[in-house]
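Per-chain numbering from 1; labels A, B, C and D assigned in written order.
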Amino acid sequence: MKQTENHSRFIEEMKERSGQDPACCLQCAKCSAACPVSAVMDLLPHQVIRYLQLGFTDEACKSKTPWVCASCFTCAARCPRDLDLARMMEGIRLVALRRREGNRLNPGELTPEQLKQLPQQALVSGFRKYTK
Amino acid sequence: MPRVGVFICWCGTNIAGTVDIETVVETARNFPGVVHTADYRYLCSEIGQDLIKEAIKNEKLEQVVVGTCSPRMHESTFRKAVAEAGLNPFLLEVANLREHCSWVHQDKTEATAKAIALLRAAAAKAVLNAPLIAPRLDVEKRALVIGGGIAGIQAALDIAEAGYPVDVVEREPSIGGRMAQLEKTFPTLDCAACILTPKMVEAAQHPQINLLTYSEVEEVKGFVGQFDVKIRQKARAIDATKCTGCGVCYEKCPTKTESEFEMGLAKRKAIYVPFPQAVPNVPVIDRDNCLYFRKGRCRICEKECPPQAVYFEQQDQILERRYGAIVVATGFDQLNPVEYGEYAYGQHPDVLTSLEFERFFNAAGPTGGKVVRLSDGKPPRNVVFIQCVGSRDKARGMNYCSKICCMFTAKQAILLKEKVPEARSYVFYIDVRTAGKGYEEFQRRAAEQYGVAYLRGQVGKVFPDGDRLTVKGVDSLSGKTIEIQADMVVLAAASVARGDAAQVGRVIGINSDQYHFFNEAHPKLKPVETHTAGIFIAGACQAPKDIPDSVAQASAAAVKAVGLLAKEKLQGEACTARVDQSGCSGCLYCEAVCPYGAISAVQIEEHFRGEKLTRIVAEVNAALCQGCGSCTVACRSGSINLQGYTNAQILAEVDAICL
Amino acid sequence: MSLAQNRPKTEAATAGMEAAAQDRAWEPLIVAFCCNWCSYAGGDLAGTSRMQYPSNIKVIRVPCSSRMNPLFILRAFQRGADGVLVAGCHPGDCHYSTGNYLVRRRLSAFKRLIEFAGLEPERFEVRWISSSEGDKFSEVMREMTAAIKALGPNGKLRDGRWRKIT
Amino acid sequence: MRYRYFPGCTVKDQAKNMEETTLAAAAVLGIELEEIPEWQCCGAVFPLYEDEVITLLSPVRTLAKAAGDPVVSLCAACHHILKRAQEVMQRNAEARRKATDFLEVEYDGQGRVLHFLEVLRDDYGFARLGQTVKKPLAGRKVAAYYGCLLLRPSKVMQFDDPENPSIMEEFLKALGAEVVTTPYRTECCGAYLSVTQKQVAEDTVAKILNSAERAGAEVIITACPLCRYNLENCGRTAGKRMPVYYFSELLAEALAVAGTAAVEAGEVRPG
C-alpha cells in the first residue's frame, strides 16, 4: 500500500465538507464495536479511518465498507472523539460516485417482488446512496 | 526626565526569530528618556543580568525597561538584578515580547512593529515609576489542611513533625478518604487498610494535629500568613468526650439506609460510623434518616448508650481561627457512568463501576469479601472490564486520561483470579498506560501469569440478554469483532473532580481548570502552589493521581507550608493603593468595594486660614491591601491611586500604544 | 554596542517598517486590557501553545479588571484605537474575590454609555478568559479583530491631533 | 391542537395503514392534522456532506410551506430528514442562502418539527391518552423497536435518550399494554441494505427478533416503514413469525376506532 499522491487534497476536502478530521480519531475502535453491520465489511470502520490517517485513500475508497454502512449513526452517537463517521463514509461514497466509477445499484437487479414490497423510502434512499 | 535603560532579550531564537531585534533597539533609542540600549541572547542568564547591573552603574540609570518573556515568568528575576545594582526593585518594567508577541505571530514585520509598540508602552510607564517598599507581615504559626484522605493525612503529619500545629478539616465522619475504600493497592498488592490505618491513628494521636471531622470550611478571608477561616463543625448528636466507641448504638438503631462508604451497595444505620476502622471512632446521627429527627420518636440509641453519650440537642458549631498556610487535599470522585447508556449501568445489577467492584473484595464489604453477581449471588465466570469510560472522551466525558485506571483494573483482574480461580477476565482498552515504578511489570503479570485477556478496542454495547450480559466489542489488533457472554461488567469510570469542587475553590479562593480540578501555579515548576500565596494543593483534587503521587505531592505541599510558617515575617504586596488625602472628600465609596477591609475612615486635622478643622478621609492599611485597584475606580475625585499601576501610568501606556 | 548589528539582516527588516506599512491595507488597532491573574496568563498560555492571532491586538496588563477606569477606555478611543477589549477572570474566579463582579456592573453600564455616544457597541467588549484558556484567548483576539475589520476605522471620540485615520 | 401534516410517499402507499390508523385516532383525540398541500418527497436520505445542497431542497420546501407552524410526520425517515434539514437551516448560513435562493422561499429554520409520538407525549400527554383509551390492550406483551432515525443523532433529533429511550414504552403503557423491553430496540435493522445486501439485514433482524422473543414479547411495534419491512421480510426468512405493527395501529385499536380501512382489512387485530 502506498500513500495516494493527492491524498492530502482528499483529506482536506473531506475535512471541509464533512466537518470531520480523521486526525482526531484515536483508534479506540468503538465505532467498529458498535456497528451493526460490521460482519460484512472488508475493513472495519476504524480501519477505514486509519487508512485515511495514513493517506491510503485509494484503498479506503475501494473498500466495501462505505457501501455497507447503513447510516444508522450508532458509531457517531458513541464516538468518544465526537467524530461523525457516517459523514466520513458518505464522503468516501461521494468521491467514488463523483468520479463516475459506476453506480452500485442497478434497477434491473431488483426483483418484481422487491419492487412491489419495498417501501418507497428504501428505493429512493437506496438509489440516492448508491447512484449518481 | 529620568535616565532610562532599555534591554532586549533574544531568548535564543524565541524572540529574535520573529522580531527584528536591531530595528527594535534602534527605535527604542529614541523613546523619551532613553539613554542606553542593549540586547543579549539570554537576558535572564547571569551574564545578561550583569549586563543590566553594569549599565545601571555605568550609565547612572534611574529606570530599567526589559523586553523579554512574560513578566509572570521573569519579572522577579529582573527585579532582583535591579535591586542588586542598588536601584529600588520596582523601578523596572517588562515588555512581554515572547508570549504576547513572537510566539503568537509569524510575520516578522508585524511582530517587530508590535514589539516596538509594547516596548514603547513599557518605557512610557517606566518613566513614571516610583520606588516602592513592600510591607512586612506577621505569620500565624498554624496550618490548615482541608481534606482528610491520604494526601491530607500525609501533609498534616509532615507539618506537625516539623513542629507546627495543624488542623485537619474532613467533611465525612472519619478521616481516610478514598484510600480507606480500597482493598489492595497496586503494584505491591498490600492491603490498603494495613498501610492507611496506622497513619490515621498516628494523625489522631499526634499532639500537634487537631482532627475536625464531620466539618466543613465555610469561609476563608485574609491572605498569606493570616488566613481567617470559619469552620462549621456539624453536630454529630454525640458527645465525643463521653463516647467510648462501643457500637451498641448502631447495633440497636432500627433505621437502615444506603451506605455511602459502600457505594450504596450495602446498608448502614441512621446512627453509624462509616467503616470499622473509622478515626475518630465516634458515630454520627444522620438527621435525614434518623426516626427521632424525622418523626420525633424512637431515641433507642440514647436509651441503650452505656456512657450516655447521645446528645440530640447538639448544635452545629462555628470555629473561627487564623492560619498561616492552607493545604487543600479534597480528593476526587468517580464519574457516574449513567450517561453511557450503551453500558447498561444502572439498568442491570451486574454492571458496576470499579470503585463499587473494589468493595466486593473487602471482607467487611457488601458481600463479605465474596465476588458474586448481585443478580443471583453466583460467582462470575466471565468478567469484562471496560477502560476509558468517560476518559479521553470529548463527546460525553472528560478529554483527559484518568491515569490510574489501567493499574487498578490490572489489580482487580488479579484479585479476581485469586478469589475466583475459574473466572476469566477480559479487558477492553485503548492504550495500556503504566508509567511508574513497577507498574508495567505488574500489568504484564496480570496478562502473563493471571491470564487476563487484554483486547485492544472498545465495547459498542452491553446487552442485558437473559441472565447474562452480551458484550459486543472489538479487538482492533486482529480486526475482529468480539462477543462475550459476560457475568459481570466493570466500568473503569473516569476520575473526576468532586461535584462541588468549583464551589469549594471559590470559598477557599483558588481557581480551577475546565474540569474543576484545582490549578497549580505553574504546570512544571510550581506543582503544589496555587495562584493564591499561602494556599497549596495536594492529591487528586489537582488531577487524577495514584497513592504514591498523592503522598509525594502532599509532602511537597507540607514543605512549602512549613517553609512559609518558619519565616519570621513575610513580604507583603508593594503595589498597594494610596489615598491623596488633600483631595479625599471622605465619601468612603472605596471602603465599600474593598474586598479586604483594607480601607477605613480616619479623622485628620487641617489648618485653614489660621483655623483648625477636622474632617474624615479614607486611609489604606498597606498590610491588608492586595493591590487590585478596585477602589481607584470607585473614587469620585480620583484621590486614590494604585502604586505601580497609577492612572497616569496606564494612560501613558495607552498613549504610547496608540502612537 | 548592539549585538544585533552582527547578525545578517532579513529581507523584511531591510525593507523598512515605513514602506511595509504603506503597502498594507488599513489595519485596526485594538487595545486589550487584561487582568494579571487570568486573562494575561491566558495570553501567556496562548503564547506557550503557539496559538496564532492577529498582531492588531496590543495588551496592557492591569492587576485586576476592576482596576479598569472607564477613562482608560475613552482615552484609547480618543488616541485612535479602533476597538478596546477588557478581559478578566470568569465571574466567581476573581483573584481578588469580587473584582470582576464590580467591573461587570461598571462596564455594562459604560458600554451603554458609549453606544449612546454613537460608537458601534462591537468596538468595546468585555470577555472572561481564565489562565487555562489559551485557546479562548486567541479565539477572542481573532474574533475581535475580524469584527473590528468589518466595522472599519473608528472616527468617533477621536482626537484628530493624535493619530491620523489612514 | 392543530398541526401541519407531512405524510411522505411511503405512508401514502406501502405504509397506508399507518396513516389511516393515525388519522382515525387523531380525530378521536381532537388532534387536527392538516395535510400540507402539494407536498413532495422528503428526500429519503439526509445529505451528510455539507456541499450537497440539492438533496436539502425537498425538505426545505416542505418546511417553508409550513411557514413556522408545527410540522408533524409519521414515518421515522421523513421526520429524521425534516428535523435535520431544519437544523442545517438554523446552523449553516451558506446552505440556507443557497437553498432559499434556489427555491425562492423564505425560511430560517423556525417552527417545531415533530413526530406524531412527540405530539402525543409533549402536547397531548400520555396520562391524558391513558384516560381516553377505550379498549386497553391488557395482557398484550408488546415490545417497542425504535431503530435509528428517530433517536440519532440525539443532539439534533432531541427525541429521547439515544441509548435508553422510553417514549414508546410510555406510549404502550398508556394504551394499557404489558411492556416488554429488549436490549436491541435501538440497534439498526439494516435499513436499505435489504435492497442490496439482504443477508446483512437478515442477520440484524434475527438478533432483534430473537431477543424480543426471549424477553417474552408477542408483538413488536415500530414507527418506520423500512424497519417494518425488514422486520417482517427478513424475519420471515429467518423463520420468525412475530407480528410487526405500526405504533398507530395499536393506538387505533386501543381507542376502538372503527370503520377505518385497516380495521376492516383485519390489519388491526389482537396479537
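In the analysis below, a residue touches a chain if its C-beta (ideal position, glycine included) is under 8 Å from a C-beta of that chain, and two chains touch if they have at least 3 such contacts.
From a predicted model like this one, the values you see are computed outputs, not experimental measurements.
> Report back the single chain whose CA centre is most distant from the CA centre of chain C.
Checked the centroid distances; the maximum from chain C is D.
> Can you check which chain pair, B-C or A-B, has more C-beta pairs in contact?
Of B-C and A-B, more C-beta pairs in contact link B-C.
> When the centre of a chain is set as the mean of its C-alpha atoms, what distance in Å lies between chain B and chain C?
31
> Could you state the distance in Å from the CA-based centre of chain A to that of chain B?
45
> Go ahead and note the Å separation of the Cα centroids belonging to chain C and chain D.
53
> Using CA atom averages as chain centres, what separation in Å is found between chain A and chain D?
Going by mean C-alpha positions, chain A sits 25 Å from chain D.
> Going through chain D residue by residue, note those that touch at least 2 other chains and give them in order.
162-163, 187
> Tell me, which residues of chain B touch at least two other chains?
Only 342, 461 qualify.
> Chain C: which residues touch two or more other chains?
Not one residue of chain C touches more than one other chain, so the list is empty.
> Tell me, which pairs of chains are in touch?
Every touching chain pair, ordered by label, is A-B, A-D, B-C, B-D.
> Note which residues of chain B are touching chain D in the complex, please.
Those residues of chain B that touch chain D are 340-342, 344, 347, 461, 463-466, 470.
> Considering only the defined contacts, which chain B positions touch chain C in the complex?
Per the stated touch rule, the residues are 10, 16, 20-23, 25, 37-41, 70-73, 96, 98-101, 103-114, 117-118, 121, 502, 506, 509, 511-514, 519, 531-532, 575, 593, 595-596, 626-630, 632-634, 642, 645, 647, 650-651, 653-655, 657-659.
> Write out the stretch or stretches of chain A touching chain D in their complex.
16-19, 36-37, 39-40, 67-68, 70-74, 76-77, 84, 86-87, 89-91, 94, 104-105, 110, 114, 117-126, 128-130
> Enumerate the contact residues on chain B facing chain A in the complex.
Residues 342, 388, 392-397, 430, 456-461, 472-476, 479, 481 of chain B touch chain A in their complex.
> In the complex formed with chain B, which residues of chain D make contact?
Result: residues 161-164, 183-184, 187, 211, 214 of chain D touch chain B.
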